[in-house]
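Take a look at these structures.
Two complexes come next, and they have one chain in common, chain A, joined by chain B in the first and chain C in the second.
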Partner chain A sequence: MIYAAVGVLVLTVVQGFDDTERLTAVTSSQAMLRWAVPIMLAGLGGLFSERAGVVNIGLEGMLILGTWFGAWGAINYGGWAGLLIGMLGGGLGGLIHAVATVSFGVDHIISGVAINVTAPGVTRFLSSEILTNYDGGSITQSPRTPGVGRFTFPFLAGGDLFGWTTPDILGWFTDKDWFFVSDFTGLARGLVSQLSLATMIAFALVPASAWLIWRTRFGLRLRICGEHPVGGETQGINIYLYKYLGVVISGALAGLGGAFIASPELSGIYLEGQTNGRGFIGLAALIFGNWRPGGIMAGALLFGYPFGVGLRDLDGSASHALLLVNTIALAAVLAWALYRRRRIDAGLAAGLGLGAAVWYFMSTTVPDWWISILPFVIVLVVLVFFSQRLRMPRADGLPYRKGEA
Partner chain B sequence: MHKRLFSLLAILLSFALLATACGDDEEAETVAEPEPAAAEPEPEDEMADISVGLVFDIGGRGDQSFNDSAAAGIERAVAELGITFTEASPEPDGSNRGELLQLAASAHDIVIGVGFLFEGDAAAVGAENPDTMFGVVDSAMLDFSGDTPTPFGDNIAGLVFAEHEGSFLVGAAAALKSETGKIGFIGGVANVGGLIERFEAGFNAGARAVNPDIEIIGDYITEAPDFDGFNAPDRAKEIALAMYEEGADIVYHAAGGSGAGLFQAALEQSDATGSKVWAIGVDSDQYHTADAGVRDHILTSMLKRVDVSIFEMIRSVIEGTMQPGPTTYDLSVDGVGYSTSGGFIDDIADQLDAFKAQIVSGDIAVPTEP
Partner chain C sequence: MTERLTHRLMLASAAPVAAVVIAVVLSSIVLLISGSNPLAAYADMVQHASKLETQVDILNRATPLYLSGVAAAIGFRMNLFNIGVEGQYLLAFIVAAHLGAQVELASVLHVAFILVVAMAVGGAFSGAAGVLKVTRGVNEVISTIMLNAVVISGLAAWWIVEWQAGGEISATGGRVGTEPIAESGLLPDINSWLEVFTREVGLGKKLTGMMLVAVAVGVVYHVILNRTVFGFDLRSSGANPTASHVGGVSPKRMVVIAMTLSGMVAGLVGMTELMNTGYYPSNPISLLGFTGIAVALLGRNHPAGVAVAALIFGFLDVSSGILQISGAASREIVEIMKGVIILTAVIAYEVVRRIREREEAAAAAAAMAAGPAEAS
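Take a look at the complex of A and B:
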């Protein structure tokens, strides 16, 4: 919460320089949520798999399966069924990955790449068999998909409560146009008004995953598969079973992310190649988030924000302002590195920050590609400076055979 | 353990191969030739054994746009010229375009690549198959490496369009119909040899010809060499929503399959605010090709008659008059135009026809760069 407040304060101050209001607009935070959801779900998927000790680089393929099955399910049985069937499709991809890596001991990377390569072929085949029979469908795309409902929170954003329109508290503050306060409530109101139920479910999965992995017997057993499977085996835990469960849940979550991409929240259609590598970004969010649900959510929002704002930024002013945000972020990194007496990091941060600052003051607009690479730059910066503080599950990616204890 | 590993790899590999193989089989499905009408006394009978291999662009048949227009052209050629054809779609990353062309060339008299991305592959495959005629939509198929541009080969034709002229007319329609004085343009991919910029230039010029003060918001989804922009309805939707929220009430797209996102945005924005906003389609008459639910928001479409160009190219081969290098299909031969489906622009048809006449006569020179 404090981090969020500081972040919004920075955005508010910075956008004043560029005379734009996009950085803290309601629509910007809504776009951020929309674009964060598939990344976050892919990241959460990776979490379940890697906590069970199986590296899942096949998330992209499972996302693709999710887009196809999600669209197919939504068209035939409605929006909710689409999400569910998308999960099943992704889970199927997870099951294949589990069979390969857990039962047969295939290298996790090889199996994951195989899934990424196979998934588009499978969906192309299914499209040619099934979607081509639909009106408006073809070998590469589906007709329009129906979605699920939306929800506006009562009181916070003036949603209906049993037929009574509640006061719109955040909206009232936003309309006052008070410095910082209105910006903060503006962003916050975007998070609670006209929210897709699918988005709400996706974000509810974050605390649910944390509870499941850290507060239940199932979670403890899942984690021991990723930390010390041999030790778990001596305790009589069926490691293979938990690894299977972890990887299948992983696929199902990625499949839900895919179904979300194909839902009207984002595309409203299945189209070949529409995932655009978001499974890999989810993997980056997983690493960024230090293999923890809260961190994954933060990472996904951090990646989703420049995506959403960048697309909405029709005159380039917000992208330009984000350069200054980068400068400030790097200055913070510099201060941290100095405090920790890490000279190389400090030098690097100073150099990068200075570069961003110079670029900011020398230009009035930035090219489109800048904002599309920004999420990846953030990952690189985080990995460069904070990689020593990241800790992956100890037995993640290592082969495990039953009976080696 | 190693044995198991290998057997699994074998299974995985054969699965992958199977999936790809099945896919290709489906794509290369031969379309049966309908019975030529017996009463027609045209000299088609001797040409009835002409066969065409059609290779689609990203998006494939059913993109409700560019490729569907090509499909319409080949089907007209089947009906009127009595040809046979097979069709294929490249992989999503386009890596097998050359192979598909080669495959088509080995079995057909004419090979047509739908889209400028076939330029390089068609030039190479065309040189290897001098007896097969090649046509590439949207590329001039000229070799610029010498002092003067020359066609890549005597058997290679480029089918190009005056997109700026068609875009001029829909730009004029947008300006005549806009109530807010603000309109938008969404391009798929910038810097593809200025191809999409031609749409924007024509659209802007047409709108300003009607209303010099009109405000036009233009944006591109991606920049070459990132071709995701033709395949990203989610991004097109986000951009379109932003444009509508800024007050634009009509948005034109030249973004292939991404256009579905624009239509979705028009529908959602209209539903959310209660005031109707419009989209303008591109390439084919999207009032008919887009989903029925968004139809009422498609004001008109800029028609790029890929069907006309493909039909005319096949006919020119049959008649032995094919021109190597570029053939331009412009307003004067109805190679471009606008659609009137839905009847939303019937009231301004006279003004648009007047513009069209001025362009054809040369009184208005439509720019090709914004």
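Take a look at the complex of A and C:
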């Protein structure tokens, strides 16, 4: 909460310089949420797989399967069925990955790459066989998909409670136009009004995953597969079974993310290539989040934010203001590095920060491609500084065969 | 002795053959379900491929796939996953196209200049990922994926606008691409070389001169890897960096070198198109990098194996066209076939490896039991 407040304060101050209100606009925070959901679901998917010791670079392929099956299910059986069928589609991809890596011991990256190459082919074939028969469908896209319901929180954002319209508290603050306070409530209100039920489920999955992995017997067994499978085997745990479960759940979550992309929340159709590498960003969110659900959510929101801002930023002013945010963030890294007496880090941060600052002051707008690569650049910069502080599951990515204990 | 040799050969070829057979079986099932006649489809594909012009198409398609496959294979040999071939070749493609159009040189020099620029750009970009890995501990899988995105939605999208050929807007209003390179910078086709063995190539098909470059790359790859000290260091460092380090090979240095070499070959991937058309178009041929990884996997990182894999993929890609024309089946079936071939191939290789391991263990145990005199 404190981090969020500091972040919003920075954004508020920065947008004062650049004469834009997009950084803390309600539309921005809502768009951020919607863009974050697939990244977050892919990241959570990666969490289940990698906690079970299987690196899942095939998330992108499973996301793609999710978009197609999600769209197909939604068109034929409605929005909820779409999400469910998307999960099944992604889970199928996970099952293939599990068969290859767990049963046959294929290298995890190789199997994942194979799935990423295969998935677009499968969806393309299915489109040519099925979608082309639909009105408005073609080999690369589906007709429009129906979605699921929306929900506005009562009191916080003035949602209905049993037919009674509650007061809109955050909205009241936002309308006052107070410095920082109104900006903060504006962002917060975007997070709680007109929220898709699918988005709510996705965010509910974060604490649910944490509980499942760290507070249940299933989770303990899943984690031992990723930390020390041979030790688990001596305890009589069926390692293969838990690895299978982890990878299939992983695929199902990625599939849900894919179905979300194809739902009206983001695009409202299946479109070839629409995942646009978000499975990989999900993987990055997993690493950024240090293989923990809360960290994954933070990473997904961080990577989703530039998308949310860039979406309606036609004149590039908000993207330009983000440069200053980047500078400030790098200055914070510089301070941290100096405090820790890490000279190389400090030098890097100073150099990058100076670059961003010079760019900011030498220009008035930035080209539109900058915002589309910003999430990837953030991932790279974060990894450059903090790679050595991350700890992945000890046996992650290592081959395991029963009976070698 | 010959018996053992044939046994080994059988084991070595079992995996790819099994992969292709399983792919054909699975595709047939899919085709039957979707109401097409698989035999008719395969007959169309084979008959089409028996034509000389189709074979030229296949070679043209296989050439960039081979280069991309070798690029991935160099990384694999060092236990590195260069997922970034895709970004590296596109970046090298656009920079080489731009710089190639800016200079005026004699023919051979011009071509060499363009190829060197492409290799330098690809190598530098890939080497950067290697440097990040050894100095900052950034996993190369993640960094190359991120760099792919930086190139594809960033640099290439920016430079295609910056370097747009002046005033040339296509009929649809779309951007046509960078300034065309002068004739002297283009590699001529090698139809005349082919026609020594065959009849004249019709339909205006041209066999790309880049095929010779690809063959040269394959030979150099083979020689360096298997016939030089450096190649031995590279392979040993990939197999066991610690032991190799004790032997005086710096694993960090080898990582950076391997990534750079991989990127240099990746830089050549886009040159097949550049040497043919002379410019970087607004929609360059894409996904060659990712397919190259599959080609390297199928070909076991072996120079000849990768070539066979590239030809198989080239054949499948070219066949999709005839399926659409003849209507025997949906052309997308080849995408399924490609995917199934990769998945079954990697699984089959693993199974074969296990069988071989078991046989070796059994042979060693037998030799031990027989006593030291027998063992030699």
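Here is the rule we go by: the second predicted complex is superposed on the first by the 405 of 405 C-alpha atoms of A that agree within 3 Å, B and C clash if a C-alpha of one lies under 4 Å from a C-alpha of the other, contacts with A are read in each partner's own complex, and residues count from 1 in each chain.
Operating definition for what follows: a contact is a pair of C-beta atoms (placed from the backbone, for glycine too) under 8 Å apart; a residue touches a chain by one contact, two chains touch by 3 or more.
The structure displayed is predicted, hence computed values, not measured ones.
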Quick one: is A:A208 in contact with chain B, with chain C, with both, or with neither? Answer first, second, both or neither.
neither
Of the partners chain B and chain C, which touch A:I261 in the superposed model: first, second, both, neither?
first
Just checking: does A:G308 make contact with chain B only, chain C only, both, or neither of them? Give me first, second, both or neither.
first
Could you tell me if A:F104 is touching chain B, chain C, both of them or neither one (first, second, both, neither)?
both
With the two structures laid over each other on chain A, which partner does A:I57 touch: chain B (first), chain C (second), both, or neither?
second
Contact-wise, after the overlay, does A:E272 reach chain B, chain C, both or neither (first, second, both, neither)?
first
Tell me which partner A:Q141 touches in the superposition: chain B (first), chain C (second), both or neither.
first
In the superposed arrangement, does A:S128 touch chain B (first), chain C (second), both or neither?
both
Output check: A:V358 vs chain B and chain C. Expected answer is one of first, second, both, neither. What do you get?
neither
Could you tell me which stretches of chain A are touched by chain B in one complex and by chain C in the other?
100, 104-106, 110-111, 114, 117-118, 120-122, 124-125, 128-129, 139, 367, 369, 372
Which stretch or stretches of chain A touch chain C in the complex?
57, 96, 99-100, 104-107, 109-111, 113-122, 124-125, 127-129, 139, 277, 280, 283-284, 287, 367, 369-370, 372-373, 376-377, 379-380, 383-385, 387-388
Could you list, by residue number, the parts of chain A that touch chain B in their complex?
27, 31, 34-35, 100, 104-106, 110-111, 114, 117-118, 120-122, 124-125, 128-129, 132, 136-141, 143-144, 194, 261, 264, 266-269, 271-274, 276, 308, 311-314, 367-369, 372, 401
Touching chain A in the complex, chain B uses residues 1, 4-5, 8-9, 12, 15-16, 19-20, 22-23, 26-27, 58-64, 89, 91-93, 190, 217, 219-220, 222-223, 226, 228, 231-235, 237-239, 241-243, 245-246, 257, 260-261, 264, 268, 272, 289-294
List the residues on chain C that touch chain A in their complex, please.
30, 34, 81, 83, 132, 136-139, 141-143, 145-150, 153-154, 157-158, 290-291, 293-294, 297, 330-333, 335-336, 338-340, 342-343, 346-347, 350-351, 354
